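So that you can tell them apart, the chains are marked A, B and C in the order they are listed, and the count of residues begins at 1 in each.
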Amino acid sequence: MEFTGSHILSIEQFERFDIERVFTVADTMEPYAQRRKVTRVLEGAILGNMFFEPSTRTRVSFGCAFNLLGGEVRETTGFETSAIAKGESLYDTARVLSGYSDVICMRHPAVGSVSEFAEASRVPVINGGDGPNEHPTQALLDLYTIRQELTAKQRGVDGLRIAMIGDLKHGRTVHSLCKLLTLYNNIQLTLVSPVELAMPEYIVDLLRSAGHSVFISQDLNHSIANVDIAYSTRIQEERFGSKDEADHYRGRFRLNQAIYTQYCEPNTVIMHPLPRDSRADANELDNDLNLHPNLAIFRQTDNGILVRMALFALVLNVVEQIEGSSRDVNWYRGQR
Amino acid sequence: MEFTGSHILSIEQFERFDIERVFTVADTMEPYAQRRKVTRVLEGAILGNMFFEPSTRTRVSFGCAFNLLGGEVRETTGFETSAIAKGESLYDTARVLSGYSDVICMRHPAVGSVSEFAEASRVPVINGGDGPNEHPTQALLDLYTIRQELTAKQRGVDGLRIAMIGDLKHGRTVHSLCKLLTLYNNIQLTLVSPVELAMPEYIVDLLRSAGHSVFISQDLNHSIANVDIAYSTRIQEERFGSKDEADHYRGRFRLNQAIYTQYCEPNTVIMHPLPRDSRADANELDNDLNLHPNLAIFRQTDNGILVRMALFALVLNVVEQIEGSSRDVNWYRGQR
Amino acid sequence: MEFTGSHILSIEQFERFDIERVFTVADTMEPYAQRRKVTRVLEGAILGNMFFEPSTRTRVSFGCAFNLLGGEVRETTGFETSAIAKGESLYDTARVLSGYSDVICMRHPAVGSVSEFAEASRVPVINGGDGPNEHPTQALLDLYTIRQELTAKQRGVDGLRIAMIGDLKHGRTVHSLCKLLTLYNNIQLTLVSPVELAMPEYIVDLLRSAGHSVFISQDLNHSIANVDIAYSTRIQEERFGSKDEADHYRGRFRLNQAIYTQYCEPNTVIMHPLPRDSRADANELDNDLNLHPNLAIFRQTDNGILVRMALFALVLNVVEQIEGSSRDVNWYRGQR
């Protein structure tokens, strides 16, 4: 695809070649995200960070990514009081807001809203999540992290062995990641969830049509025995079909230090889309793995900065100019 | 008037000469708003964008205008939790906040609040709307748009023929625009509204005292037959005096493609202060005109950037320095 | 202490020498805060201004201080919708957010939350208030103001005579200021409050252990007769133990022009942490002193900028580089 001026709305718009292009550019962003260097390539440009549904983490990540390229950020953080709530069409909102900024990130609770907005926008739009539908930068940062963790082991994404754990029925994140993985070869997926929260059939079909091996399981322990990545997601109690089912499964998808040590290969990398519920009764990835070197969950969020910087640089066509406008950082750069 | 260091609180502080000065400066902002050039003239300056009442559009427009001049923006977007709500006087708020920034934009629900704030402020204050009272930058961008649309036809504002349509009783926007038009010569106004939502008498008197021709009508179709500008505004259902009146008038002030084609001169420009209600039962400008080249409603919001940039440049006295600190834009500039 | 890379969590981490270091650096920030000069020393750096409890004034002050050093600010302004409210641990929040920015300011309603957050953060954290516990930058700006007001009289903080007035039981501000004053010599404090809202015993003990003279009083008028500083704070009606007590004390801690003129020495400086309740029935510092030259309450908030700039410059280790990256301001600089 041609990135300059394009909207980034769905992972389905990418070919494997496009994804590799994003990741190659993301790699070059590392010195800036690590505060070894600073670039001013987008000095004077404005990101309209339009969050019509709150999401502190994603909003701040997009904003920081744009700031790290030298640009400014104007934003909105809620829905109720906006003109949209008073009957303004997405068409009008898009025509107006796209006159203010150079690129727009948008999150909105309604499925398809960001695409509708993008059609009327005069500047590129990046989907920051349209309800349960798409959140393409999350899927890209997940795949980028998988690639990065495997690269450290002299491997590529082809041939990956991955277990996905938790609520696979409602998880937008795992659905998108599965779709991206259909672009790669020879993947082995183990899908671990309660029966009632299983991965939708159509996604399993997509994976098998791509030639991948898919195993379905309700048992955490043995499913994570031979994988490169254990990708954990949250199960909200209210998602279970019944109180009985909730009682039956409670805690059985909670990956912790003991289970990891007993069942996983020593190199298995643990991922999670975050946020996770760290309260004692959560059906979640446990805190006792927090200091484990194979816990990649914060490398994932760090990588979100790289991937978002790459997308901004690509759609605004400044990739080739970044290094020329860079210099060394002159302040304390934290424990990075 | 002397702009440097002045507050911009009301359209009544402007003479015709002052308005022309603002518009002449606004014209020079176009290369920056169009992202052909970037200027850093206000690099290091801070706008305090203090919205004690939410208004995404106006807030973001002010913020972007300041960013486009190279400055930074710090802002607040609500009222309830602020110190003002706990009994702090506007005097205290102004003394404190004006120590933080170089210029302040303020929106507040109470009539006169922004003027009271400005009296105590140590930096220039621009009124972003004080309840139903004043919103001078909206009035200026409306007049600037009229001037721009007429200039394209080798005409000036003098001699303008304009129809104002909708709720003319409560519309802050049309009241302010009428007051500005008293500074010009030989205007012909047709005021189209339900009887109970008619333009206040004192404004009609102001217009007639300025030598303008004013026609009052309840009939949309024939009122827009011979005008340069059809300025449509919203009628909220709850504004009607009775259910009967609402039933009687519903849809009768809704300008659409069919009515436009049948009744208007081919050059008639359509304006609206936005936001508009695009739901099917709204008493509003119709969506079926969205692609019409004479629909100027998004040129209006675009012009808001130019007018606000001009005001910032004037009150901070940097007009003459802008071009010297400018360079070409190096990123993709959208479909402008 | 070593400032580079340090968290600023509590006034108890400072020795007198450290405080003098902060104040000496704060002095050098004056040309920038006064808009005589502009510096770009932190151009490209990002402040994460994470306010999980609203506070317009403190949030904007931190943000402006960072902007004045040339850095960018990304922020959040509420709690309810954040991941923290959905069970995310402060550990996770800190690991994620500290990957986005170069320094974090955090306000949070829970005692100890900011310290817990800082432990997991990869970048320096500045406490912007953790509930009733600590708000170290307020304490520092108060002491900086005292030092500045006394310096104008060729005096230092040693030997200070100060009256603290109002709700001394719940006032986080006066508690912190007292603790800072234990680092100095020969202070004379008069603590004026209703009996039920008296300064906690442990703080009185700290002061006396430091060799200071402490007088306890319920009478405003004679307590302010021989002091350098009258530090007034608010008494919220609901803090009184009973309706009877409220009736008994109402208005008796309200410093106004008449009382000031009758009882104070002509040089006595009036301070208040702000915001104050300016409604007629408030138990507060009166508005009729607003124009008095000894009213230092807005010099206090102005000094907040200097102190916060100093802390940013110290923890990010750019103090020595500021002047080299500075230039004269080229815009109208307000009535400073």
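Simple rule for what comes next: a contact is a pair of C-beta atoms (placed from the backbone, for glycine too) under 8 Å apart; a residue touches a chain by one contact, two chains touch by 3 or more.
Given the structure is predicted, the values throughout are model-derived calculations rather than measurements.
S.K.: When chain A touches chain B, do the two copies use mostly the same residue numbers, with over half shared, or different ones?
M.R.: Counting shared over all numbers used gives less than one half: different.
S.K.: What rotation angle takes the CA atoms of chain B onto those of chain C? Round to the nearest 5 degrees.
M.R.: 120
S.K.: Averaging over Cα atoms per chain, report the distance between chain A and chain B in Å.
M.R.: 40
S.K.: Which residues does chain C have that touch at least 2 chains other than itself?
M.R.: Within chain C, residues 72, 77 contact more than one other chain.
S.K.: Can you list the chain C residues touching chain B in their complex?
M.R.: 35, 38-40, 54, 56-57, 59-61, 63-64, 67-68, 70, 72-73, 77, 274-279, 282, 287, 290, 298, 301-302, 305, 329-336
S.K.: Per the contact definition, I'd like the list of chain A residues that touch chain B in the complex.
M.R.: 4-5, 41-46, 48, 72, 74, 76-77, 81-83, 86-89, 91-92, 95-102, 122-124, 315-318, 321
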